[in-house]
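In the two complexes that follow, subunit A is the common piece, with subunit B as its partner first and subunit C second.
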Partner chain A sequence: MWEILFSTHHTDVGLLYIILGLVAFMIGGALALVIRTELFLPGAQIISDPNTFHRIFTTHGTNMLFLWLLPFASGIGNYLIPIMVKYKDMAWPKLNAVAFWMIPVGMALVWLGMADFTWYATPPYSILSAKGPAAEMWIFGIKILGLSSILGSINFIVTILKMKHPDLPLMKTSLFVWATLVTSIMILVALPTFTAALIMLFTDRLGVSGFFNPNMGGDPIAYQHLFWFTFHPEVYIFAIPAIGMAYELIPKFSRKPLFSYQSGVTAFVLLSIVAFASWAHHMYATGMDFTMKTTFMIGTLAAVPASAMHVFNWIATMWGGRIRFATPMSFVVGGLVLFFYAGAGGVVNSMMPLDFLTHDSYWVVGHFHLFVMGLITFAFLGMLHYMFPMITGRMYNERIGMVTFWLLFVGVSMIFLTQHVLGLYGQPRRTFDYVPVEPLIVMNQISSVGAWITGAGAALLMGNLIYSAGKGKPADMRDPFQLGEQYYDYTRKEPHH
Partner chain B sequence: MGHAMIEWIYVGVVVMLLVYLGAAAWDVERFLDHPPKDSKVIKVTGQQWLWTFEHEDGTREIGELHLQEGVPYKFEVTSRDVNHAFNIPDLTVLIDAVPGRINTVWVMPDATGEYLIQCREYCGFSHYQMRAKLFVEEGVSNVSAPIETQDIPVVLPATKAAVVSN
Partner chain C sequence: MAEHEHKDEPVLLTSPGRMARGIIIVAVTLAIGAAVVVTQFDNFFSQSAPVTRIQPETPPPPPPAAGVTRIAILAGSSVQGAPDYDPDDAQVPVGNKVVWENRDNVFHTATSGTGPEDAEMSVAFDTGLVNGGESSAEITIDADVGTTIPYFCQVHPYMTSQLTIVEAEEGGATGGSAEGPTLTILAGASAQGAPDYDPDPLTVSAGDVITVRNADNVFHTATSGAPSDADAGQAFDTDLMEAGATATIDTADLEPGEYDYFCLVHPYMVGKLQIE
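Right, the complex of A and B next:
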């Protein structure tokens, strides 16, 4: 049992990633429940100090992006990529373990520090107002997590391109392999910019430089460009692995071949390139001139057809299939529905005049959560259930699985669709309190009740998996979901290998 | 291959829709981006955690702003410390207040009343309370040349209810 901590085998490291991701998902979720409970009514409810509230949402956001989404995707990649490219392990197993073990260190810094400058860490606030050592701990935590991400990406790229079985052409590998490849390359291109900005932010805080400090002739807007040059592509870095998982599951559970492999690859490659042309759509309100705004609007809209191609491919695959709505498929299809709403909201954001309604309001919170919680988390949870027999040799309880799916789907829709409306009523994001008028109170309450339902669903889901890992029925390892095709061609490592 | 054909048609439709939406957005923004020549200038300064306004004649207001109906105003927005965002949700006015920069945004209030002004960019401890009141009063003089604002959705009915009442 404990040897897994010292193992460098790809499934062991993969399992560590998955467990760490799930732990982060749970504790980050607990913070979200605190936030929503606080906002159930206007006025202070369970938190008396706004600064505590700010620390909580900063840690919640940082945690969910860097300690849930990224590690979990790496975990599934660790499990599946070597199997899918028919190699015995990752290219560099030791590096793989090192990349993993950097994460708990970064995690400790982020959680123990609990910075208050939001996951943007925007200057001048982050230079002039944010308190140390929390701010420094956040900066170094993120640096370590970023480095881990880069090492992991290099390992994936080399494993896929160099260790792939010579008889297996790249164009015959699973689309999940393509998703991981494209994501890893994007990480290498996107991350250095913010890495540099973080060092500049740190020296600005020390007072030895003034890159972003207007009192020293610096320009705070420059930071936002560096930040979003990394983090707009990063939203696709979060999303593409989830899209790859949907490609993995939809044909299997539709019991029908994928509609078009070619279209999937094309859309991945397109998305990974166009994603770099839209970062300043987060900055329309910073005072950009008209030409810049137009340019970035076009860049943003240009990414939409690629996303639309994925959706088309999935629907065309399901069309006329004998779909089996077991838990994994339900999560993926639920995620697809939320993805559709999210994309529509995104198009609204990118249209310049409309963004002045939505920007920095609760609308944006609703928008990106439909991606990160809707599409991405749902696909992750679907994949987790699908891989459960492979990881544990047992089956989870299917009936409870479906209950958890419906709790999460209803809860998430309640939280985030209403937040779009809150945004249109003008409630700013990142606020400890709101104007006590009827529509705001009602919408906030629906959102909070949705959060509690989601919380109950997530707790039940974890209960189901933890219980079944020890006590579940042994799975039929040839075809645990009765899909009429071979499950992953892989023999489970017995304990004490 | 019929398959590929369907997908091409689908992508074509999506692209056409996006081109249409993009062009419409461009057309509206082109108008909104240019304040009318006869706009009155209001200097807006954000600081942790209040708003200060200065009229053309040099009068200053803190936490309150009095404007006249039917007059175009150009706000010159800046900040004294960290980033804020100057926001009048009912009038769809939103622009960041950034220290060291002056950003502009304009509006012509078309109904008298009391409106909420708030900060919409996280700025620390009392960000959530960084509010001010806008009073739009009846115009004293009949302001000359009316400008074409008819088909620009400057006021969203849906946001009316959020007018500050306390």
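Right, the complex of A and C next:
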């Protein structure tokens, strides 16, 4: 066990990333269940006061984005990128381990403090009213996690571009390599803005500066611009690795070559560029002028063709294939279906006039959860099942795998599709209580029941994986899913000899 | 490990014991974390932001010019139910004159009485019609301390309010002090083009001591002359005034006439002082 904890080998660090991600997924999911149970009925149920509720959903959001999505994608990247570019390890193994070990520190700060200002930490609340030291702990926790992301992405970029086998052209590498490359470059471009904003937020809290403090002549809206300049592209930073995993799985389980490699690469690059042209669509309601709103509306819609290229590519790959709907493929296709809903809802949000109806309502909550829980988490879980023989040498229980898929798919659809309608009925997001009228109560209850189903699915999934890792059937390591395809090189995972 | 013959490598399986050890490490870590969270939940959420501890309280709004109580008729007052007179129950120091500032864009009045049916209507005072954006004349109210006078708008009778005559020194936020003239540097004055010195021009009698009050949240000055003058600040200069600070200008040594002054920190802030 210690040889894994202190290892710098890419599969060991990858495994640590994956385990940390899954732990965060489960404990963050537990908070989500608390939130949904609280909202099962109007009024206080299991949480005594709104502040505690705010602290819980702030930690839930921060945790899911920075401790589940990012580390898990890095984990799979760590496992696969060196194999895919035919190099013995990551370019800088020690840096890789350092980047990982920063995450538990950031995680401890975020979780122990449990700040209350939402994962946006929007001023002036975060400067003037948020209670410390939770707020400071959050700021430094996110700072450390951001630094870890930057170190990790530098490592990926160098590994892919410089350590790639000389006989392997970049245009012959897996699309997952492209996804990781594009994501890493985006992190390097996007993150510095927020890194600066976090320091400014901290000095504002100390009172030595007043960048965002209106009492000192600062502008809170400036923070929102800096924040969203980082975190709108961040949406794609979360999504692109998931899309890369879908490219990895769909051709294999369709037993057909990928429909179009070039369009996949083109769409990745396009998406990474237009991701930077849409940040202020989060801020239509802040009083921007009409020209600016229209510009960002067009910038946002520019992401639609690139996303659609991926979706059509997947459908065209599956079309006419001999598809084997094993658990990994089911998760990916389920994620694809939810991605459709998320994308359709997103087009409504991005329309500036319609956004004023949905802004800060449960519609938005439903929309982005369909992305992060629907598309991204489903692709991640699919990839996790596919990688399971590679990681453990054993096979998970396929029947239980399919049950968990259906529980999660039905649960997630119930929670988040309903929340769109809740938003249209006017329920604001981040509320501890709501108006006790029948439509709101009924829809909140559907959503909460969906959450419990999802929770049961996730618990079953973890149970399946944990049990199978110890006692599962030894897998056929050359082709564990009987797809007639080359599986990953299993000998890579055991460097200790 | 660089070049293996992979075909013959044994497959290494995760063993139950190894898996259990891993789970124990994770579980113990989580348990320690949970113990800290549960015991420290309130402690980690107990201190107010440092900035609120070091910043002075927001200074109270400065008293308006001596002897005059100003009551605003807010924009949008003509809409029934909207906030109208501000402050709603003005405390007027005895002897003060009252000015209603119409910030709305339609006619309004401030007429004493409870409404159009009141037989005593407009006996105590009546501004007459005040155009949108203009102020009423200075109204003298002849009433004893403690009297409360209801008033309303003749154009929009649903706009109702009242004022109370109080002792001169009880004026507080809404009253005027009976002392010397006051020059206020308004909140937001540091933004170029925003209203800065109030009143502008300020007219005082020779010998008055002017109280300058910085109601903004940054440093300001009131310095005689213009930024390009060689003798700027010769006639009078408040020096740097912190947010919320006050300073005085003694006009005893100044010749009657008109003086320009400006802010050293923000030279686009200019004002005029007239000494009679």
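The working rule: the second predicted complex is superposed on the first by the 490 of 497 C-alpha atoms of A that agree within 3 Å, B and C clash if a C-alpha of one lies under 4 Å from a C-alpha of the other, contacts with A are read in each partner's own complex, and residues count from 1 in each chain.
Everything that follows uses one rule, which is that a residue touches a chain if its C-beta (ideal position, glycine included) is under 8 Å from a C-beta of that chain, and two chains touch if they have at least 3 such contacts.
This one's a predicted model, so the numbers in the text were calculated from it and none came from an experiment.
Novice: Following the overlay on subunit A, give me a clash-or-fit verdict for subunit B and subunit C.
Specialist: The answer is clash.
Novice: Who does A:Arg205 touch here: subunit B (first), subunit C (second), both, or neither?
Specialist: second
Novice: Is A:Phe356 touching anything from subunit B or subunit C once the two structures are fitted on A? First, second, both or neither.
Specialist: After superposing on A, A:Phe356 lies in contact with subunit B but is clear of subunit C.
Novice: Output check: A:Ser129 vs subunit B and subunit C. Expected answer is one of first, second, both, neither. What do you get?
Specialist: A:Ser129: touches subunit B and subunit C.
Novice: Looking at the overlay, what does A:Val437 touch: subunit B (first), subunit C (second), both, or neither?
Specialist: first
Novice: Touch check for A:Thr37: first (subunit B), second (subunit C), both, or neither?
Specialist: Neither partner.
Novice: Answer with first, second, both or neither: which of subunit B and subunit C does A:Gln445 touch in the superposed model?
Specialist: In the superposition, A:Gln445 contacts neither subunit B nor subunit C.
Novice: In the superposed arrangement, what residues of subunit A touch both subunit B and subunit C?
Specialist: Touching subunit B and subunit C on subunit A: residues 51, 116, 128-129, 215.
Novice: Which residues of subunit A touch subunit B once you look at their complex with the stated criterion?
Specialist: Residues in contact with subunit B: 50-51, 54, 116-118, 120, 122, 124-125, 128-129, 214-215, 219-221, 259-260, 263, 285-287, 290, 293-294, 297-298, 301, 304-305, 308-309, 312, 316, 347, 351-354, 356-357, 359-361, 424-440.
Novice: Inside the complex, what are the residues of subunit A that reach subunit C?
Specialist: 1, 5, 19, 23, 27, 51, 55, 88, 108, 111-114, 116, 127-135, 137, 204-207, 213, 215-217, 391-394, 466, 469-471, 474-475, 477, 489-491, 493-495, 497
Novice: Please output the residues of subunit B touching subunit A within their complex, sorted ascending.
Specialist: 3-4, 6-7, 10-11, 14-15, 18, 21-22, 24-26, 28-30, 32-33, 48, 81-83, 85, 87, 89-90, 92-96, 98-101, 103-104, 116, 118-129, 153, 156, 158-159, 161-162, 164-166
Novice: Which of the residues in subunit C come into contact with subunit A in the complex?
Specialist: 1-2, 4, 6, 9, 11-16, 18-23, 25-26, 30, 33, 36-37, 40-41, 44-55, 58, 190, 217-218
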